[in-house]
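Think of it as A, B and C in the order they're written, each chain with its own count starting at 1.
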Amino acid sequence: MAIINHEAELTRAGAYVTGGWSTIVFFTRRYPLGAVGALIVLGFILTAVFASVMAPIDPTATNARASLAKPGGTYLLGADFMGRDMYSRIVHGARISLAVGVGAMSLGCILGVSIGLMSGYLGGWFDLAMQRLMDIMQSLPLLVMAIVMAASLGPSLRNTIIAIAIPLVPSVARVVRSSTLSLREQPFVEAARAVGMGELRIAVRHVLPNTLAPLIVLATAQLGSAILTEASLSFLGLGIPEPHPSWGRMLSESAAEYVRSAPWLVIFPGLAISLTVFGTNLLGDALRDILDPRERT
Amino acid sequence: MRTCLALVAGSLAAAVFVASPAFAQKQGGTLRISHRDNPPSASIHEEATISVNQPFMAIFNNLVFFDPKEKVNSPDKIVPELAESWTWNPEKTKLTFKLRSDVKWHDGKPFSAKDVKCTWDALIGKGDEKLDIIRKNPRKVWYSNLKEVTVGSDTEVTFELGRPQPSFLSMLAAGYSPVYSCHVSGRDMRSKPIGTGPFKIVDFKRNEAIKLVRNPDYWKKGRPYLDVIDWKIVPNRSTRMLGFAAGEFDMTFDSDVTFPLLKDIQAQKPDAVCEARPSNVNTNLLVNRDAPPFDNPELRRALALSLDRKAFNDILFQGHALTSASLLPPPAGVWGMSKEMLETMPGYAADREKPLAEAKAIMTKLGYSKDKPLKLKVATRNIAIYRDPAVILIDQLKQIYIEAELEPIDTTVWYTKIQRKDYSVGLNLTGLGLDDADTNFYENFHSTSDRNYTAYKNPEVDRLIDQQSAEADLEKRKKLVWEIEKKLIEDGARPVINSNVANTCWDPKVKGVILQHNSIYNGWRFEDVWLDK
Amino acid sequence: MGAYLTRRFLLMLLTLFGMSVLIFVMLRLVPGNIADILVDAAGIADPKEKAKIINELGLDRPILEQYGQWVGGLVRGDLGFAYVSERPALEEIAPRIPISAKLAGMALFFSVVIGVPFGVISAVRQNTALDYFLRVISLSGLSLPSFWLALLVLMASVHWFGTIPIYSNEPRSFLQEVGLLSIPAAVVGFRSSALVMRLTRSSMLEVLRQDYIRTARSKGASQTSVNYDHALRNALLPVVTIIGIEAAFLVGGLIVTETVFNIPGVARFLVEAILWRDYPIVQNLVMLIAFVVVMVNFLVDMAYMALDPRIKYAD
């Protein structure tokens, strides 16, 4: 793996043109799709943070008279059969998705980075054992692994995050390990060692920052796939339990039963998931273009 | 000439009745029905779910049966099936059946009185260990009064009871009481059962399909009409509904069509015949009376008073559910209190203001307020039909300063958790296999029952339960039953929210379906069902 | 080369062995077992009956013994008895494999047929409106949850055709079966095709930048012939890898698609078996899936080696 000169890459990508507003303009010009993605992700995060402000109606409040209310009027996006406001549920659902997405991604990255860094840096039996463990974990598809994990942990927000995070670990560990391996022998690491720096400090201060670029690319992609996996798990009844307004849960069971008389119950949560994941994917692509020159064209 | 008797339950406004004109029943054809989930096994005696009864009842016969042509199961509407006749001894403790002699099991072996003995011996724990006809027995309590089964001859069998119990015959007439044989093991009964009924099982492909074919040697001549019953297991309800609307299925699973869905079905398939009826399943609260805070009867009372039954009904059933105590009210049910009587019970009044004010006053007295609410968790099984009412309950509890959070319990550990009393309020569904006072009280409220989940214990209620059970006069017995119901309500034993009502739909070409209005678990022999095409 | 193969093979065995331990342990951590579920399904919790079932199924024996019994059986080709149906697990699993295999095969076919050409076009017309359009479409393919897409397809189907493509009744002919499976396969395939297209595009772009393409161009080969003959052939090599990745990717898509379209394949069966805590089914199905994934990866590596003589494998 090549060593990336971030300074140069970022300059080329326009990060240092003049800073501030013009950076954004430059980025938008050069990566229009990435800019759209960034906008979507920003919107998603803002929605999650300001959910209570954006949707003051309690997402769990039931109301017989509003059962299956059509979109428009009081119920902007309609209501489900218990008369719960869909707009409110979708807005609050962003919180769940963000919590699961970011939670699983961070947990996966922390574990993956530690394993990868240690593996690449220590080598030897530890590396060998970890490599085999990663092999084993990767011999099952992500969703299958997540399903088994989710079933063994039981349904809750915390357990769902763990169930999704663990299957994400191997790919992170692999990427970090391979960059660590090549970095370990680099002159600047040798130099650090020569001045008597401790191995741990070298690993954290010098090696880790240089693995960040591929990690960021991977993490963005994983954010999207964590959100999708959560939706699939909840759809199968293994993810976030009621009354949390999880987008995947909204699509399962009752909502899907009213496809004909209340299609909005199916359309809006699905759109929310798709749009969010689409945004992270667009952003991820742009980040990869910027940070990973091998992929650049 | 068969005309449809219009003994319509007034509350069942949505029920659709089709007068059947005098055309001859046609032989043949395949009836395709959707099934909602994988039945845990095919052994009716071992299970307690409609998922087993509806597909597998057609394989079996009972000794006696609730008249399948009647919509309401009642003790005076029992007809013979494998028994030709029955007699009680003068003390009403011995019930002797004279059996048919022309009946064969699906494997060709003849049916005899010994098979009846084998079945009920197993149910009272005297069964042959090696044969192992059943390995679990959810209705043990039904037969706690059955002392012995004796075989008189090949065609005569006698049930000896410990004390008179008029309901015993009703229990034998339930869909849950098929006759098993002596020569088929429990394992086979669970996977490929052998019966004497109108249909034989061909295949039970787990999570996929159940296929039954006509029994050509059925003892009832000229029955059944259908050649094949094809059950397709479709766990996803929306797929089931779409399948029915698209003509993939001739009939929906029992009570599968909720009221909000009914509109949908009628829009997509305007010729569908849909009938609404109570499922004899009631939504109720389990209250842990042994642990704080609900060891305080005042608080239990406040909880019971706070229930807005109408709101539950309006949201979940569009107003079609029946207000009830633990037994189904007339005219659909035989035993429950009438609407007028119910309205005098605490918390049942139509006017919500007074009970709510009283509940609030109790809460205030106990030191709770809007700013200092009582915090608790409402435990429920993690399935939509449990979760949905729980969500409404939580919403309602806010009014009486209770800030509740839903605790969805994985369905595999639900009963274990309840038995450990590891909850404070639980939302539960209780289904009655049979509309009968004995089965209900002994199963759910008698202090000795396995299924008395709240461990409710009231010696006086126990005494009254025994007293009504032995009472021969139906009217006198009903009075005792109502007295028990009233006590259960006052004690908050298991506050009932309401009795559920749901729709079952079929294609107009399916004829001869008669849904039983006080038990979804009965009436699924399919021997009179035929296809007009 | 021979030594490499042996090493790879041993590693595969090691991976599968590790998987068997992992799944065995994880299943035993799941709260509730089959006895709980069976007793619970009947609405009673009689500890005596529960203990009897546990004993009958051998769940009370030491965990190592249970593991040994399972793996020992597995080696002999005996998968044990399913807890719920009480039939040999093999009889339960085997008939479901062809259905899922056909579905996966068709999905793969769709994804390649759609993904490769569009990937090439996208690369050749890089940074044109067409490229942007195709990239957005392919990204959206990766972003739509497949169960949602499946629900939308069902909705549309009922709306416009009045019927639904759910798998029902044993199909009478091969053609009918293909017809029934094609819509779910397209749903799964759409998602995978997005992946194929992205990878085709990027490997194609890489090849297009290579020196020999420039040489071919400078020698006067026509633009089209350069694009399609030289570049595509070389770009296809990495595409083979995708099939390896896809093998794992597809199973995930199958689980939800089989659920929505009610296809009685292995993927849906797995979820069902987990919910029932039917260990013999879950364990063996997981091993089957792991075996397929590991095997496909192995074959892909072999194919790589055969196709690209430049790749040398050190021992």
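As a convention for this text, a contact is a pair of C-beta atoms (placed from the backbone, for glycine too) under 8 Å apart; a residue touches a chain by one contact, two chains touch by 3 or more.
Computed from a predicted model, the values in this text were never measured in an experiment.
Trainee: Can you tell me, using the touch rule above, whether these chains form a line, ring, star, complete graph or other shape?
Mentor: complete
Trainee: Between A-B and B-C, which chain pair shares more contacting C-beta pairs?
Mentor: Higher C-beta contact count between the two pairs: B-C.
Trainee: Rounded to the nearest whole Å, what is the centre-to-centre distance of subunit A and subunit C, using the mean of the C-alpha atoms as each centre?
Mentor: From the centre of subunit A to the centre of subunit C is 22 Å.
Trainee: Counting only Cα atoms for the centres, state how far subunit A is from subunit B in Å.
Mentor: For subunit A versus subunit B, the centre distance works out to 47 Å.
Trainee: Quick one: report the Å distance separating subunit B from subunit C, using the average Cα coordinate of each chain.
Mentor: Going by mean C-alpha positions, subunit B sits 42 Å from subunit C.
Trainee: What are the residues of subunit A that contact at least two other chains?
Mentor: Those would be 154, 256, 259-260.
Trainee: Check each residue of subunit C and list the ones that touch at least two other chains.
Mentor: 31, 151, 154, 158, 259
Trainee: At which residue positions does subunit B touch at least two other chains?
Mentor: Within subunit B, the residues that touch at least two other chains are 236, 238, 242, 245, 268, 410.
Trainee: Okay, in this complex, where on subunit B does subunit C touch?
Mentor: Result: residues 32, 38, 40-41, 46-49, 135-138, 140, 187, 190-191, 204-209, 230, 232, 234-236, 238-239, 242-243, 245-248, 268, 410-416, 419, 450-451 of subunit B touch subunit C.
Trainee: So in the complex, which bits of subunit C are touching subunit A?
Mentor: So the residues of subunit C touching subunit A come out as 11, 14-16, 18-19, 22-23, 26-27, 29-31, 126, 132, 135-136, 139-140, 142-148, 151-152, 154-155, 158, 202, 205, 209, 248-252, 255-256, 259, 270-271, 274-275, 282, 286, 289-290, 293-294.
Trainee: Where on subunit B is subunit A touching in the complex?
Mentor: Interface residues on the subunit B side: 236-238, 241-242, 245, 258, 260-261, 263-264, 267-268, 311, 314-316, 318, 382, 384, 387-388, 391-392, 394-395, 406, 408, 410.
Trainee: Taking the complex as given, what residues does subunit A use to touch subunit B?
Mentor: Touch residues, subunit A against subunit B: 60-65, 67-68, 81-83, 154-155, 237, 241-243, 253-254, 256-261.
Trainee: Which positions of subunit C touch subunit B when the two form their complex?
Mentor: 31-32, 36-46, 49, 52-53, 56, 82, 84-87, 92, 151, 154, 158, 162-164, 166, 168-169, 259-262, 264, 268-269, 272, 276-277
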